[in-house]
Structure formats: C-alpha cells, structure tokens
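Chains: A, B, C and D, in written order; residue numbering restarts at 1 for each.
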Amino acid sequence: MIVIVKPQATAEQMEHLLERIRQFGLQPMVSTGSERTVVGLLGDERLLPEGALESLPAVEQVMPILKPYKLVSREFKSTDTVIEVRGIPIGGKQIQVIAGPCSVETPEQMRSSAEAVKAAGCRLMRGGAFKPRTSPYTFQGVGDEGLDYFRSAADAVGLPIVTELMDVRKIDLFLEKGVDIIQIGTRNMQNFDLLKEVGRLDVPIILKRGLSATIKEWLMAAEYIAAHGNHRIIFAERGIRTFETAYRNVLDVTAIPVLKRETHLPVIVDPSHAGGKAWLVPQLSKAAIAAGADGLLVESHPCPEEAWCDADQALSPQQLMTLMGDLRRIAEAIGREL
Amino acid sequence: MIVIVKPQATAEQMEHLLERIRQFGLQPMVSTGSERTVVGLLGDERLLPEGALESLPAVEQVMPILKPYKLVSREFKSTDTVIEVRGIPIGGKQIQVIAGPCSVETPEQMRSSAEAVKAAGCRLMRGGAFKPRTSPYTFQGVGDEGLDYFRSAADAVGLPIVTELMDVRKIDLFLEKGVDIIQIGTRNMQNFDLLKEVGRLDVPIILKRGLSATIKEWLMAAEYIAAHGNHRIIFAERGIRTFETAYRNVLDVTAIPVLKRETHLPVIVDPSHAGGKAWLVPQLSKAAIAAGADGLLVESHPCPEEAWCDADQALSPQQLMTLMGDLRRIAEAIGREL
Amino acid sequence: MIVIVKPQATAEQMEHLLERIRQFGLQPMVSTGSERTVVGLLGDERLLPEGALESLPAVEQVMPILKPYKLVSREFKSTDTVIEVRGIPIGGKQIQVIAGPCSVETPEQMRSSAEAVKAAGCRLMRGGAFKPRTSPYTFQGVGDEGLDYFRSAADAVGLPIVTELMDVRKIDLFLEKGVDIIQIGTRNMQNFDLLKEVGRLDVPIILKRGLSATIKEWLMAAEYIAAHGNHRIIFAERGIRTFETAYRNVLDVTAIPVLKRETHLPVIVDPSHAGGKAWLVPQLSKAAIAAGADGLLVESHPCPEEAWCDADQALSPQQLMTLMGDLRRIAEAIGREL
Amino acid sequence: MIVIVKPQATAEQMEHLLERIRQFGLQPMVSTGSERTVVGLLGDERLLPEGALESLPAVEQVMPILKPYKLVSREFKSTDTVIEVRGIPIGGKQIQVIAGPCSVETPEQMRSSAEAVKAAGCRLMRGGAFKPRTSPYTFQGVGDEGLDYFRSAADAVGLPIVTELMDVRKIDLFLEKGVDIIQIGTRNMQNFDLLKEVGRLDVPIILKRGLSATIKEWLMAAEYIAAHGNHRIIFAERGIRTFETAYRNVLDVTAIPVLKRETHLPVIVDPSHAGGKAWLVPQLSKAAIAAGADGLLVESHPCPEEAWCDADQALSPQQLMTLMGDLRRIAEAIGREL
C-alpha cells in the first residue's frame, strides 16, 4: 500500500500517520519527491481496516498495490482449474452449453425440455424452481416439487442439473435432491450469508455477476465461497446495467479475457438474460465463445411463446439445435471443441 | 397495455396475437393508423406473464401504461404516510436525523456514541451488528452480542434503534431484542425471500436502494414487503453507481421528489455511504433536506479515525452537533422543523 | 404517438389536450379503458416539438410509436448497403480490417506502418494527424503535414486511408489530400455542425459511437449526415462508458446485431480503444467478428512501446499478422471471408 | 508516478523499465517490498506519453500521484475566483440565477422573457440562438438573427446575456454582438478545437459537463481553455447519464463540493436540463444551492406550453418568481445571499 501525503501536512500530522501505520503492524517507508511525499507500507496491507488511513489529516490518497483476492487468483494458482460434474469437465478444452427453460413449469414441460436439450448435444441442463421476480404479483416459481420434476426429467436423459438457490433455508432440500451445480443469481451475488453457506458445501457453484458488480467485487464474492472451503466456482457473466435501453443489459465480453487472466476458475456466459431477446442469443453466444468463454447458460423451451416467464428470450428446440451447430464451428476455429 | 404491430405482420400473425390476448383474459382493441396498427388491451394487464406477447411474430413492441406497483403508490393512497416509532414521527413535518456508528464495536463505544447522538439532538440511533463487507477477510460485525451493546446504550439515553438485517435466520433475534426499525441494506434490496419475511413483521422497515436499482425496481421491492402485510416502509436513497470514480457513489437527489410523487411513504437519505467521505456529509445532507427528504441516516463515531470500518466517513460528535445546527436552518427555510 | 391521460384530468384539461393535438396538424383518437384513457395521434408525429404535449396538465405520459430515424433505417431500405472505397467493399461478405497507428508520427514510422498493414493482409489503413487528447499538455497530433506522410506511405503500398476530422475548418485540406474515408470521433458524435458539413461531402464517413450514446442517438447522428445528402456512413462501435474500471471501456457487442437490424449500413468495431490494452485486442476482435461486425479498426505500430500515444494498446506487426490469421478462421466459421 | 513491477519480471525487463524512465528525463527510485517491487519516478511525470510505461513487460500497474490539471486547480490558486460580468459577481457570496428560454424564438417572446427574468430578480439572462438537437428534423434554432432579438430584449432591461456557441465559425458573430458569457454545451465539452478558440477570447465561459464526463475530464476540458489564456471559466453541472430512466439525467450534487475543493473557479447548476421536467426544478434548485452552488441556469418561458422546444421543462414567469423567493431563504440559511 502506498500513501500520498498532502503537500501541506505538518510534521506532527506526518508523525501521527507513521505511528498509526506501525500500530497496524506495518512498517512505513518514506520517500520524499519533488512535489509529494510518499509512504510505502511494508507488510500485509490486508491488516488495515478500510478507510483507516484515509481519515488521517496528513493523507491525500491511499493506493493499494495488492489485489484483495487470494484463493481465486491466478497468482495463487497459475493453471486453469477444470471442474468435473459427473464426468463432464467445465473449464477445459471442451465447451459446455447448459440449456433449459427459465422456470420449471410441469413434469411434461420438463420432460420435453430435457429431451430437446439432450438432442441438441448439450451435456448439462438448467431450470429454475425458485424464481427471483421483480414483482410480487408474478409467477414466483413452482417451488419444492419443481426440483422433483427437474430431477426426474434430467435423469431420464442422463443430464446433470443446474438450478438457482435463493434462500439459505433451502440448502438441505438442494442437497437431498442432489442438485449437481448450484447457481447463485445476479441479485444474490453479494448476499454474503448465502455465499458463506454454499462455501461450506461440496457442490460446484455458478456465481452470476451482479447487475453492476465490478470485476473486483465479483472476484471477492467468489473469494467468500472459496474462503469457506468450496473452491469449485464457475463465474457467469450475464450482462451489466448501463445507460443503454435498446436491449436489456450489455453483455460484457471484455470480462471474459480479463477474468481468465485474473482467476484460474472457469468463466461462462448467459446470453439469454444479457440480451433479453431470443433473436439476440445466437450472435451473443458466438461472441462469447470467440472471446474465450468456457461455456454458456442458454434458455430454451419446448414452446417459447407458452413459457410462464421470459417467453421472449427462450430458444425453441430447433433454434437450440441450430445454435449448437454454429457454435461448434466457432469452437473449432479457436482450437476448442463443443 | 398497448401493443405496436409490425408493419409487415400477416393477417394470420395478427389473428394469433388477438387470440393470445383473449386467452389471458384481456380484450384487444385494434386501431389502424397510417404507419402502424396499435392494439390496446382492456382489463388488468398484470395478468400477462412478462414477455408473453413480445415473443409473438406480429409484435414490434409492447408498452405498459399502468405502473406495476399498487400498495406503495400515491394512486393507492394520496396522503403522506407518517410512520411513528415510539412516538417519533417519520414522514411528517419534522425531519429525523438517525445517527450512530457504522458498526457496533464495544459496549463503551456504543455508550459514548449514544450520548453524542442524543446530545446532538437526534431522536433515533443507527448501528450495525452484522456488516455486509466486500471482503471475507475484513471485520464482519460483532454479531449477536452487538445487538445487546446497542440496545443497552440506546436505552440509557432513550433512543429507538435502527439496525441492518441480512439473514432471515436472524429475524427472531431481532424481534427478541426489540429492534425498533429494521434496515434492509443495498445489497439485499432484491433479496426477495428476505423481503417476504420482513413483510410479515410488525416492525417498520428502512429499505435502502440497490446500487443500480431503478426507481421502479425499488418501488417493486417495497411492494413485496407491503404485499406480505407490512405497510410501514421507509425508502433510503444512498447513492447510485455511475461511471464517476472521484467519489464513491452519486447521491441521487432527483429520486427524492420523484419518490415523493410516486409513493405516499417516507423518503430518507444516507449521505455517508453516498459520498463515502466525512467532509462531503454536510453538503450532501443539506442538499437532501432542501430537496425534500424526510430524514437522514448519518454515520458518527466517538473517534472516527479509530472506527473499525469506514473510518473516513464518520462524523465526530462535534461535527454531528454542527451539522444538526446547519440542517435546522435549512429545515426552517423550507417550512419544516428538525 | 400515444398519450396516456392522467386519471384525475378534468374535462376541460382533456379538451385542451385534444385542441393542442389538432393545432399540430394531427388527429386525436380517444380510447377509454378501465383504468386509463388513451389518446392515439394519427398523422406524422414528427411534427410535434419535443415536450409539447408533456407540459399539458392532462398528460401523464407520452409514448412515441415510430422511430425518429428514417434514411438510415432498415424500414427505409431493407437490403444491406455495401460501401465501396477504391474497389474495396465494406458491408458485404468480405470483412475489412483497417489497421495502422494511433497517430501519424514521422514519414519513416508511416512507411513501416503501411508495410506492416499491407503485409498482414489488411486492405485499408488508419492513422491520425489530428488527435483529440484529454490533456492540453500532451501530444496533439502532427497536424497538416501528417496527412502528407500518411498519404505517401499508404500510396506506396496501395492502401486507401482513414483519418479523423475534428474541425470543420480542415475539410478542404482533407479533400485536397484525398482522404478516402473520414472518421468522426467519439467526442464529436454529436458535434452537429461537423455532421452537417460531412453530410455535404461525397466521401464515406466512419461515425464512431459517443462514449455514452444510446443506439437511438447514434442512429440520429447518422441521420444528420444522411439528411444532408451523404448516405455512405459506417458505424463504429468502440466501447461504452460504464461503472467498470478494470478496463477502459466495455465493448458493446450487443450493439452489432441490434444495429444490423435497425439500419442497412455497415457496422465495424474498434477493439483497441474499447479495451485500451493490446493484450485484449485479439479476444475482442474475435468476439466482434463472431457477433457479425463487417470490419475492425485496429491500432498497430512498428514498435508499440515507442508510440507517441496509446503505446499500451497498439499491436506489433507480428501480432497483427497473427490476428489476421485467427480472424480468418472465425470469418470462415460464420460463412464470411477476410 | 509510481510503477508496480510484476512479481515475475526478469532482471533484464526491470533494467529496460529503468532505462525507459531515464530516457523520459525522470529519475527512478526502486523500493523492494515483501510482495511487490515499486518504482517511484522523481521529476515531472507529465513528460511521459500516456501508456508509455504500461506497455513494458515488467510493468503490472502505473499509478499517477499528481493531478493532471494545473491552472484550474486549488493547488495553483487557493482562493475562490470571482468572475465579474458587467459588475455582477459570479463565485462570491451572492448567488446568481441565470434564467431565460431554452431557445430564442421571436423578438416578442424574448421581450416578455427578459421582463419576466428581470422581474423575478435575476441578474443575468440565458437563451439559445443555435440549438444542439438530437434530430436533424426538429427546430435547430433561429440562428444569427436570434442573437439580435436576444441582445435587444436583454439590453432593454439591462441584463447581460449568456448563449451557447457550437461552431468555431460563429465566434466573430458572438464577439460582434457582445455576448457577455459564452456557453460551451454538454456535447461540446471535449470539442477541443472549440475549447482552444474560446481559450483565446476575453469573454467568460460557462463550461457544461459532458453527459458522462468524469470530474477529471471536466477539469481537463477547462484546463484547455485556461492553457490558451482565458482563465474566466464557470463550471456548470447539468446532470449525468446513468441507468435510471425515470428522469432525464441524474443531477450530481456531489460534484459541487468536490469541484469547490479541486478548483478555485465558480460552479453553477442547470436543474432544468438535469431533471427534464419543470416540476422538478424547484427541488433540484434548492438542493444545488444548499450543496454550495454559486448559481443556477434555469429555463423559463412566458408561456411554457408554447415553447418551441423543451416545453415541459420551462418555468412560467410566476413559477420563476416563486422559486427566487424559495431560494433566497435557502441562501440565507447557509450564509449567502441571492
């Protein structure tokens, strides 16, 4: 950490700054430049409470030089982590497309969804039994029994399942139903109590990016999970909130190579929620794979216009099939497989 | 709701659209203009699943004409709601400044905090026993016993207490300790399970705005609480995330008059988290009151530089005292009292 | 255009609204619903001054149903426009990578730049003689003679040139030097006097997106050029400003398919300015092509670390060569060529 | 400037870094910490081209410690600058409300506007003869003769005039008509050729903030004007672009105290363009003054609903009069006058 000293700081204020630094167990190292005096801090800067030095009268600015994340960082582990889910690798050469409906509706809908996902060549399936909805008056998800419909439908075609956990009180249910990957949604990316709890599980976690979460905050959210013991974390970019209103969110493809540099963990992309429209999914999916994503989360439905939610963003079985073919060509063009 | 029809829609696609509208229990009303055909929907448009019409081939655009919130809206209740907490009105002519430390640290710190808050003329006190922190490696709050320190310190000077709830499993503890106002923090504004649970309580709720929540989403989050039975909700603007990096967040003063027009509920402002620096608090506080806020949430600490978190944003007892004097003059200038 | 009437509007206010609508040469059509009265406007809604109806007491909300752009829209021309520049097509099956240095420095630097651009297989060259710089104290571009260095170097290898125009007073110089494509930069996207002037030229225009310009504003800026007579416009997405600080801007790939749907004009992408770092350029370039971009604007320099500006974002000749190979495979995977 | 060295940098890469630093005329000072090596640069870091060090293989991060602006900074001049315009001080104890119509329409409209502005107690008048409009098909301003209408109307009541300059070719006209303050609009904040030209004039400049300009960019834009000789600059905050769509822009009141700390120049606020609605103007105006603004730019019109542009954001003469009374009370409450 580096502290820039105010040009007008008095000797007394300067002494107070140095004393405070030592009190936190760090060693100050003063360099006097032509326009500013700078104090370097030797030792683990993470010992300092946030804002502790900024509040001192001598201080103009405090600049951290270390990144606040450890376990999830490339510095901690330089090789790519490949997460295996019932034999299916996520984060390796093979790209995984996780498809399925926005929400679990009925056993029949899940059966035909699972068949379409399987037929398209996907190796994992997604679907939500508990839905975070902006309005209390809209469909909130089928709930507990939804997990049964999902489990049976996916088992029938041999697909591992991915589903969202919103409430710590549902963890036992998720474990009992053998959910293969637990998704932490956008709105819960900084629900720290939930992160701590899934950090104690032995189940891979998909951690979606918050709507306006910075890369650093997102990595720190993953660090919460890792710090509690669970290192099997998959980042999922799903579009960020900006000033643009012509589409729901802005898919941040730059986040893909940046994350791949900062962390050893897999990175996937959700083009369906990013764009918010089915017709945008193919182009966004191709861009994500071309930019280096390890996989996708794609919404598909046996009959999109009858979906109970997000009807305008689900792909039909035929569209999913076509997409898989298109993506295979992109994957090969960049030396990967699908 | 109004549906704009694509100019190239076929008669068959148009018929399909009308049929779907009727299936949802609504009555379509077609108007043919020179450049576009428009279909108005008679009936309660809230019956429509989101995206249901957008996915149809005839549809160019769907425009809601009703607001999605009811119970919290001015249309539902035209007069200002005043929420009384142990005799103290929030949302009336009198402005309330809720001050206290970012986090509960020790019994002694809470005692001197409470005395300073009382001495400055504030009528309610804030403090956090559970802290949502970006990093898992920083101080996470004192926890359960923190509520005891807070309760005793506040009782000694007769101040009702406001504290943040992050986890549904802590609700019983909060009730047992008699927390007077429960705060739902920024990161939990769309933690819908938590909103539902506090919606079942008989305790006023301060609902902080999410970092990038729109006014509509914020009102809908409040609607969750109201729809579950608890109508005593206070909105707290605390700065939004933008492109600007010169200060932590951008205090959105425009939200104050806009909310006061849209909802009958009280609106307060947190200048401390918005600006992130103690020296900004006075100017932001004055702006908030001048713009019509019903109160403030201000961080203060007996000795800011020794605070365990956010040391650079807390006011000292003397600064809090001065601020109260300054605000009193603004309050009088706009015909209110403090 | 559709006007939503306030539920509490009086008959007199309603009458005033209808009268005003007629005064603007439009025909009002009133529909009374269960919760709101809605007035449709027949006729060309572009006749209405902005805000004219919003200011009336009866009006709750005004919703346009037509898009404000005409000449640049797909509705106006449904087939893709291909712009030919000295025989090189932009907007067709073939993808164009326009490479070259951020700024023109010396005749020698331009010569070796041009050779590297040509050797890599690019068909057009970029370079700036006039540079928009945030600081008045940094290098502002070589100026007039820079165009000569550029022209000679590009002519020697037979490449058409693209360069930025910032000042209306330089138009004659640009014409005299035979600039093949004039670039309007990010900061001038809404410099309307400049847009009007280039609208009168017979030279293709690359119109970069403003840092926080919406798709609609960008299309309207192009409409300015088209409305003054110049229909040869190429859109260039170059990253938008968001809250994220881990990279310079966020490349908005969603803008590519959305623009391709809204306009018949070509769309290219500048991955160099978007990411701001050379190491990000390959992944962003691949994403852009995969998402459907018609070309790229890429910064390259004979010796990046010695570049007079943006040294950290230019590709070396070798990196440019490698990139072209990688992009060729992506282009083929999506049925295009490079 | 401080350079953080990559932990994996080789001795050779490190040597190369030090050599480059010396080549730019700076002196490197190496400090080896436990986790990172840090190089301090002694000398004027403004000598370094942007990105010059970032591109070197040894470099992890470059952190400037000096601010890039000089002439406009508090460090350069610690006392408040008061700009006098025909005897009227801007930036002193007295607050100035500059009112008038969005656009000059007719001599008669300007006459009654001027009378209303004068009657309300304002000491300066605003109005636009040249209008930057998003659409080429809407009213673009009356043009040259508009300045005459404005000049005559304002002279009749003795008010100095403020009007926007968009095109360098109109400077002579502005000087000839004796425009008292030239406004540089939001879309031209980084039109550097325009900034350089007004930097050569002896007329005060109101520099509006770009829609998504950071504080630093805004100060640098002013630095352009100052560096060319004109030090009479007034900053005008007018709302920034964010994700929120419930109102046009977000008035950034935090910018007021931050600017007052960073620069010695006056800061005013435009509440009309920020909120985009007349009904928001009073609350936003009060907030701006309470936060320390030195003045306001307010749109007013003799008959708002008949205004040729922005009809929904202009105040009527009566509303302007009432606002002035309200603001006077706020001004007194903070020890200023109006």
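The definition used in the following text is that a contact is a pair of C-beta atoms (placed from the backbone, for glycine too) under 8 Å apart; a residue touches a chain by one contact, two chains touch by 3 or more.
All of these numbers come straight from a predicted model, not from anything done at the bench.
Of the two chain pairs shown, B-C and B-D, the one joined by more C-beta contacts is B-D.
Distances between chain centres, each the mean of the C-alpha atoms, put B farthest from chain C.
Averaging Cα coordinates per chain places chain B and chain D 31 Å apart.
Chain A and chain B have centres, each the mean of its CA atoms, that are 26 Å apart.
Each chain gets one centre point, the mean of its Cα atoms, and the points for chain B and chain C are 39 Å apart. Multi-chain contact residues of chain A, defined as those touching 2 or more other chains: 212, 241-243, 245.
Every residue of chain A that touches chain C in the complex is listed here, in rising order: 212, 214-216, 240, 242-247, 250-258, 261, 274-275, 279-280, 283-284, 286-292, 326, 329-330, 332-334.
Considering their complex, residues 2, 4, 7, 29, 31, 33-36, 38, 40, 42-43, 61, 63, 65-66, 75, 212, 241-243, 245 of chain A touch chain D. Residues of chain D touching chain C in their complex: 20, 46, 49-52, 54-56, 68, 132-140, 166-169, 187-188, 190-193, 196, 211-212, 217, 220, 223-224, 227-228, 241, 277-278, 304-305, 307-314.
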